[in-house]
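Attaching a single structure in structure tokens format; questions to follow.
Naming follows writing order (A, B, C and D), and every chain is counted from residue 1.
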Amino acid sequence: MFKVTEAPLDPQPIVQGVLKESHGAVVTFLGVVRGWSGGRRVLYMEYEAYKEMAEKKLVEIGQEIRQRWQVEDVALYHRVGRLEVGVTSLVVVVAAPHRGEAFAACHYAVDRLKEIVPIWKKEVFEDGGVWVEGEPMLEEK
Amino acid sequence: MQVKVRFFARYREMTGQGESAVEVEEGTTVAQLLKKLSLGFPELDNRHFLIAVNAEYATLEQPLRHGDEVAIIPPVSGGEGV
Amino acid sequence: MFKVTEAPLDPQPIVQGVLKESHGAVVTFLGVVRGWSGGRRVLYMEYEAYKEMAEKKLVEIGQEIRQRWQVEDVALYHRVGRLEVGVTSLVVVVAAPHRGEAFAACHYAVDRLKEIVPIWKKEVFEDGGVWVEGEPMLEEK
Amino acid sequence: MQVKVRFFARYREMTGQGESAVEVEEGTTVAQLLKKLSLGFPELDNRHFLIAVNAEYATLEQPLRHGDEVAIIPPVSGGEGV
């Protein structure tokens, strides 16, 4: 349920993998490669991960969600490698009895992924590529 | 003793290598290792990155042990657009 | 993009139908028939709609979202009829450049659907069925 | 003049019919129609529902016209679990 992979991401089996009879709500987030960045045409993206650590951090996000919302059924899949425009780079699925916690936990998971999970992307334009860097973390852990 | 240093994203490209084996003295800290690395790679002086030791975020004061894997972690940017 | 239907709901083509090159974020909500309600085993659900009005109200929710978040790419599909446990009754998809407005607009759409869209469900247990009624609207429109 | 009244969910089951053609006087309001209907269906007196006229929420004061479609709208409960 917590994976960094080079393979294409298909949300449907991921949803089926977390869904239980007690659930009424499933919130899915798809991160998709945009064709534009800062007004410039994007050709494709290169995603790179520190895989062993990234998967460990994805599991940690799942644990944080369990503690905060008592929500257990969470999946986080991040694809890496060269990804074309329109392709799904990230799938986050949260299934829960009710929609409030499903929305909150899914949004939290994406925010948290962008803070602590060692994955990077390079936007490639016609005239070259640029590594995107997020906000530096304020304090070191 | 020896530690393995891993570089990612811009630092991988900058250093021209994904990883490097580095010989250091017993009890070397993360900070001391970085100082040594920056002789070869001056850009490592800017400190716009975090450090992980054995796949966990670490402090500059952390002492290293033989065989440790030290990673340079620039600000992460996974997911969708910034 | 705004439909009340008896046919099974498949999120994948609905997502493809709203996705554009400018989008980086797609949030999908699935409402699923729960196997339990108030500690009782649910056999199945019966959903009923005032179809013409319900579709009109779904379109209105789309308009409200466009006004609030400048988000245009929204789909709302509600299935009606007899639905077994685990079956998807509702699919809401919002695609947007960034995740903040996609999450907010999708959550809003589900909340709003449960306020103004004339669709009802009957929970059917071993010993009979009960029409579920939401909160009465505080003021009439 | 004639209006069509539509019943849904519990009211459809209660009245045993999905819709009914009702003869009313010219200028009858929604409230007056409901009063007339409640003679046959006393449960319609409780007013735990809204009214739509021609697929739009309406007030009790709204005057009806020939051919209008009036719907009894109990509190909606679409989507997932309550």
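Rule of thumb we're sticking to: contacts are C-beta pairs under 8 Å (C-beta built on N, C-alpha and C of every residue); 3 or more make two chains touch, one makes a residue touch a chain.
Everything numeric here is computed off the predicted structure, so don't read it as measured data.
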item	value
Graph distance between chain B and chain D, where chains that touch are linked	2
Intersection of the contact lists for chain C and chain D	A
Pair sharing more residue contacts (C-beta pairs) when A-B is set against A-D	A-B
Distance from chain C to chain A - Cα centre to Cα centre, in angstrom	24
Centre-to-centre distance between chain C and chain B (centres being mean Cα positions), rounded to whole Å	48
Multi-partner residues of chain C (each touching 2 or more other chains)	24-25, 31-32, 34, 97, 99, 110
In chain D, residues with contacts to at least two other chains	79-81
Graph class of chain-chain contacts, one of line, ring, star, complete, other	other
Which chain pairs touch, all of them	A-B, A-C, A-D, B-C, C-D
Chain D - residues contacting chain C, complex	6, 8-10, 12-13, 48, 50-52, 55-60, 71, 73-82
Partner chain B, residues of chain C touching it in the complex	24-25, 97-99
Complex contact set, residues of chain A against chain C	11-12, 15, 19, 21-36, 85-86, 95, 97, 99, 102-103, 106-107, 110
Touching residues (chain side chain C, partner chain D) in the complex	31-32, 34, 37, 47-50, 52-54, 56, 78, 89-90, 110, 113-122, 131-137, 140-141
For the chain B and chain C complex, residues of the former touching the latter	79-81
